[in-house]
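Across the two complexes that follow, chain A remains constant while its partner is chain B and subsequently chain C.
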Partner chain A sequence: MRKTLLAAVAAAALMLPGAAWAQGGTIKIGILVALEGAFAAGGQDGVRNVELALKEVNNTIAGKKVEIVVAPTDTKPDTTVRMARKLVEQDKVDFIIGPLSGSEGIAMRDFAKTIPDKVVINGISGALETTWVDPAPNFYRFNLDGSQWGYGLGTYAVKTKGWKRVATIAADYSFGYTNFMGFAVDFCKAGGDIVQRFWQPLGQADFGAIIAQLPDNVDAIYLGLGGTDAINFLNQYQQAGEKTRLIGGTIMADQTVLTARGRAKDALKGTPTSGPFAADNTDPAWTSYVKRYQEAFPANQRFPTPSLFGLGYYVATQAAIKALEAAGGDVSGNQAKFKDALNKLQLDSPVGKITINENRQATGTVFINEVVDGPDGNLTSKMVGRADNVTQTLGMTPEQFRALGLPSRNVVDCAKLRAGG
Partner chain B sequence: MAMTDHAPGFVNRADRKYWFERIPAQWWALAVVLVFLPVVANNFWLFQVMGWTFILGMIGLSLMFLAGYGGMVSLLQMSIAGVAGYMVAILGSSGTVTVSLGLAWWIVIPAAFLIAALFATLCGALAVRTEGIYTIMITLAIAAAFFYFARQNYTIFNGYSGFNLVLPPQLFGVNWRDPVPFYYLSLALAALSYGAVVYVSRSPFGLALQGVRDNPRRMAALGFNVMAHRVAAYALASVFASVGGILLVWQNAQIAPGTIGIPAAIDVLVVAVVGGMRRPLGPFIGAFIYVILQVFSPDILGFFGFSAERFKLIIGLGFLAVVLFSPDGVLGLWDRWRARRQKRDDERAGGAA
Partner chain C sequence: MDDIIKRNPIRSLIVAILIAIFLWLVFAPWPPDLVAKWGRKQIFLNALLGGITLGALYFLVAAGFTLIFGLMRVVNLAHGSLFLLGGYLGYEISSATGSWFIAFPVVFVVVGLLGLLMQRFIFSKMEGEELRQTLVSIGISIVLADLMLWFWGGQSYSILAPAFLQGPMELPIINSINANTGATNWLRYPAVRIWILIAAIVIGVAMWLVLNRTALGMLIRAGVDDREMLAASGVRIQLVFLVVFGFGAGVAGMAGIVGGTFQSLSPGEDTRFLLASLVVVIVGGMGSIVGAAIGALVIGVTEQMGFVYAPTYSVVFTFLIMAAVLAFRPQGLLEARR
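Right, the complex of A and B next:
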């Protein structure tokens, strides 16, 4: 009998609309984040950074207490939409911060259209389409997208390094195309030439066929792979006795690759990469953020410095806090005041000033890094340049940018861009 | 694999009652609860929890039909559901305008069923030549091949990103993706599928299939075509999987290779095993447990003060508990409890006499 009663009470509690808690003095934030699969570690850093940003304001925004609900995903878009629906309908959150990966972002763009009264602030997903193709009016992205992350690297390769002919190997999925596109637009406009493009399916370990086909007469190879794929390529490439210079995509020279054992590392020295941050940036906004991050969590429960994913969630939370303060903490009705404040926001983030455009997509700074020997024998990255005010359309007009087409294997036409079209 | 009770196919003429009298009271109670659920439950429960339960239940049901009545454990059912779902996205309209053909729904849906049935029949024809663990292996292999194919093929399946904005047709002026219409749609289709499986299991074909399961040699000696019965079972089961697959695409408004990956194929097996493969109700119970665990495990963890990132732990422990305490699923637990009570009542009655 007691068990039945308990079950009934539990069932009733689950059925109860959670609205009662969300009203009054609290703001409820749903955190949509991948905590399973390839990005689990990055996702955990995302959660940490949301907590950090909120702790800095004492978990209070405009006099209201902040509550967070974490909804874990596995980077599959259907799971993401399910969890988002749970956050909105079951947990009755006021707005959502997330998701983490590209295809989740596109799914959330479409889901956001079904909840026009709630704000969704992107976590760190970087697909171009999310805020470019038919964007949702309530979906905001304060991080740069994958193609923006690649911008500035091409100019650096051509102008500073003098590398004009490259072959490219990139991951055969949306992020691979998008990140490559940002590099290629910039590289071709600066006068570079892409002689051959290879696309490798995710998680495919054998690069033998590609390595055999790589042309000899190139200045460098652009490598748009990440994690174990990058390590596998580098090892096989070294074993094949090949040696040329590399240019890295945004996720290529991350900690997994830099700290990997084996010969993969030897090929990496002097490789320029680009992305939304530079670990050794000396800007006080960045150094103080890193310090706060390191002080907030014990060393064994965090990364040495914030990850790409952590940074994304931190900036998103910061944007939400700033905008809500401007809106007086008003999340009622269709959140018009909150949305208005987000649209007008000039965010002083750890990675510089961020504003958003008419598609609610961030304009900000891209950092150019180069892989160098670190003090502890490991490789590390060193900031060698930055490109400020990188827009969604990569410095072109929206019409010009639209004419390039959406990221895919054949975008962009290098010769045409080089000729100035 | 003798998993199913022999269907009570022969009823004494004198005992014959009207069909509604033969349905026990519990069933009527369940029906009333399900029909009137929208009065009390919120949209999340209707659309997400119950909708997903019915969908998974139907895909699980197709596996239960094959495994329970045919003795063939197939890991292919999610792929078949995926074929139907993909076809709806490819032939109908979606956000990926370069691939989707945008045909009318009355062409798309029958075509989706047909193509899925064709796929199931072909794969079935391959798989029925094997027994036991080899059937599992070959169906797993086909499921894996289809997953990688869908992920790497861009001209038809649009690769890694798949299709989004796949919406159901606006029939009779109803938006079928609204929680209440979607709930009734999935409930009705689940009830129909359930009824169909019960009916088929008592039909000559169903009885022959159970005969094939229990003793294929004897059935062959009696003149039944064993292979044909098994392949036909695959084709029939594909219908239930297809219904689930199409509803799944409509519910998520999208389909991508992740939807039909190996974990998803295993999930269908888990759903059927946890619920119990002896009766068609099992997969639906399994699906309900699965969905509740999937949706609420982060909250359960949070309630006990653990971090939400360990949510898969609860799901795993839940399934472990069910399989450990009742190898034939939750329904098996229920059967044993009823048998024990029956025995106790009998003893008491015996003692009094």
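Right, the complex of A and C next:
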């Protein structure tokens, strides 16, 4: 009797780790991505790129099978949090990759604090506040934020182009302020002067009166608009017969504007812009990534080259794979090993080396592009420069950066920065 | 006129002074004090002209809307879709034929025909049931919006104006006088917007003449006042309805080309212009052409002036005006005769 009891206990003891092993044999990843609304096409590209990154490792990380669960959002923060909760509670995912847009990112930072045992790796959301103001200890961002995307353009404008006096027109919302801030910090430090700033509400269709207000004695005009607003501005800018040179924010010369139909976009020719990638980058890491992307999906089911959104999700997935391999695929407990591996990660991404800082925010490369005529009659962008190792604090100490204030209409004080403060 | 002045001498004087100040602001060169306070004169003039030309566009969209409402009591919420469809068709036609002008009659006929079909096969089936008609028109607008998204995609389209309308033209309004040389700077303004303003005025006057000076206009006005009596007196009112619906739709389609030329076309523009025309007819008075013109002018100028002098609050101004009109003059500034 005693022997059988012992045997039973022994058998049970033997089975326990076995049971645990079977349960831990797969890694479940929740993909939080916008598949409705303005960014739907970009969101689909995000999903494609997650699949691509996983296919490259045969859907296996450290000997464990990988499963993904896609949770669609509509870019509204409350939907995002609801879907994230569903991923954690119902689908029981091990960690989350996402979200896609700025306000979703801030909502997920707060939600991440309620699930401290799970890792959240940002998709491509770019709000500065997400990893700067009260960041969550388990929220990682391997893409640059909106203000980093603007960095490097100012130096290029002042040093290479010799444009020292600019007026600015930008969209009157969080991303507009943030992206402008990155440009302005760099531009003012390089010795440039911002003569006048105009802030336009989103969805503004008639810019005639603003165009009339543009000062004559400037070298260029910085445009921080996007999508339809950008097209409307360019159209009316040409009709008013204006010909001042332009400098573009990150979304001013993206695919949505460059592939618009009609002649409005022609005014952009020769405009420098900056962003997290350059479509014609000749770095083998980038070209081989583009090739893998193009080979993995038929031409009518993808963009000609990966989009900004796709790239973001690709890099996030790549970071998760590399870190999990270093952690031996261990996602148990409070995922301490996984978190540790993420913190130490030196990621060789398609857009260069990426590391993260103490706020778990990426440091990486910003690419300077110029709009030129493309081979098919469309406009395209040409890489003209790059700024490496752009930090969250834009090359300043955290104290100096904090002193600038959070992005808003009046940040930054150009004269003060020019004087070196 | 003399009567009004005699009856309200003080009010007339105030109006006369305001008009004089306004004319002075527009035509005289501004003294330096005023420039220091309000910015350059060019800015004021551009905002004013921008508002008037934007008003012209709003008028073109709202004119058909207000006629259809006045006559048939149909709040056609698919009106914005007709605007956008007209714009897309205009883009296709003008880029295929290379002629901007040819797009206007073609679009007028095609979109007008669509309007006729909508009235003949849908709205006439639910004669007198306003709520049902309105709900059906929402349904149509959603279907049309998705069809257009499927066919033309989510990109922005802008229509190229013909060469002689591109770039700015000089207007006989003094912009500034160079203090050193004494040379006069005339105001430069986009030519295409001036011509569109002129076209809108011509269309507006023509509509007014048709309504007030022809037999068809008499029928329409009678229908607006009392359509049962008109039907009872032997007029084939369904025919009048068809003509008005087709015409209203056609004008909305042409407005789409205009909108695509000085702004751009993309999904979502349909609801934006539907909202604009709703505000315009609420302010101007449902069913009145002159009311639509005044409403469009007020809304256009307010929007532009707001953007220049108070950009933060500009979005609320038009709705404040609408709320004020609804509160103090619910029938609109100019009510159609009942």
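The rule is simple: the second predicted complex is superposed on the first by the 399 of 421 C-alpha atoms of A that agree within 3 Å, B and C clash if a C-alpha of one lies under 4 Å from a C-alpha of the other, contacts with A are read in each partner's own complex, and residues count from 1 in each chain.
Convention: a contact is a pair of C-beta atoms (placed from the backbone, for glycine too) under 8 Å apart; a residue touches a chain by one contact, two chains touch by 3 or more.
Because the structure is predicted, anything quoted here is derived from the model rather than measured.
Colleague: Assess the superposed three-chain arrangement around chain A: do chain B and chain C clash, or do they fit?
Modeller: fit
Colleague: Is A:A326 touching anything from chain B or chain C once the two structures are fitted on A? First, second, both or neither.
Modeller: neither
Colleague: Please indicate which partner A:D172 is in contact with in the superposed arrangement: first for chain B, second for chain C, both, or neither.
Modeller: It touches chain B and chain C both.
Colleague: Once the shared chain is lined up, is A:K76 touching chain B (first), chain C (second), both, or neither of them?
Modeller: First partner only.
Colleague: So, A:L35: does it touch chain B (first), chain C (second), both, or neither?
Modeller: first
Colleague: Kindly classify A:I210 by the partners it touches after superposition: chain B alone (first), chain C alone (second), both, or neither?
Modeller: After superposing on A, A:I210 lies in contact with chain C but is clear of chain B.
Colleague: Which partner chains sit in contact with A:G262 here, chain B, chain C, both or neither? Use first/second/both/neither.
Modeller: In the superposition, A:G262 contacts chain C only.
Colleague: Give one of first, second, both or neither to describe whether A:P201 is in contact with chain B, with chain C, with both, or with none.
Modeller: A:P201: touches chain B and chain C.
Colleague: After superposition on the shared chain, which partner residues are touched by A:D110: those of chain B (first), chain C (second), both, or neither?
Modeller: First partner only.
Colleague: So, A:V411: does it touch chain B (first), chain C (second), both, or neither?
Modeller: Neither partner.
Colleague: Quick check: superposed on A, how many Å separate the nearest Cα atoms of chain B and chain C?
Modeller: Nearest C-alpha atoms of the two chains are 6 Å apart.
Colleague: Kindly list the residues of chain A that each of chain B and chain C touches, one partner per complex.
Modeller: 172, 201
Colleague: Note which residues of chain A are touching chain C in the complex, please.
Modeller: Per the touch definition, chain A meets chain C at residues 41, 172, 198-201, 203-206, 208-213, 227-228, 231-232, 235-236, 238-241, 256-257, 259-264.
Colleague: Within the complex, which stretch of chain B touches chain A?
Modeller: Answer in residue numbers: 40-45, 47-48, 52, 95, 151-152, 159-162, 164-165, 248, 252-256, 258-259, 261, 294-296, 298, 302, 308-309, 311-312.
Colleague: Help me check something: in the complex, which residues belonging to chain A touch chain B?
Modeller: Touch residues, chain A against chain B: 14-15, 17, 35-36, 40, 43-44, 47, 70-72, 75-78, 81-82, 85-86, 89-90, 103, 106-107, 110-111, 134, 172-174, 201-202.
Colleague: Would you tell me which residues of chain C are touching chain A in their complex?
Modeller: Going by the criterion above, the answer is residues 39-40, 42-43, 45-47, 49-50, 53-54, 91, 154-161, 166-168, 188-193, 262-264, 266, 268, 272, 303-304, 307-308, 311-312, 314-315.
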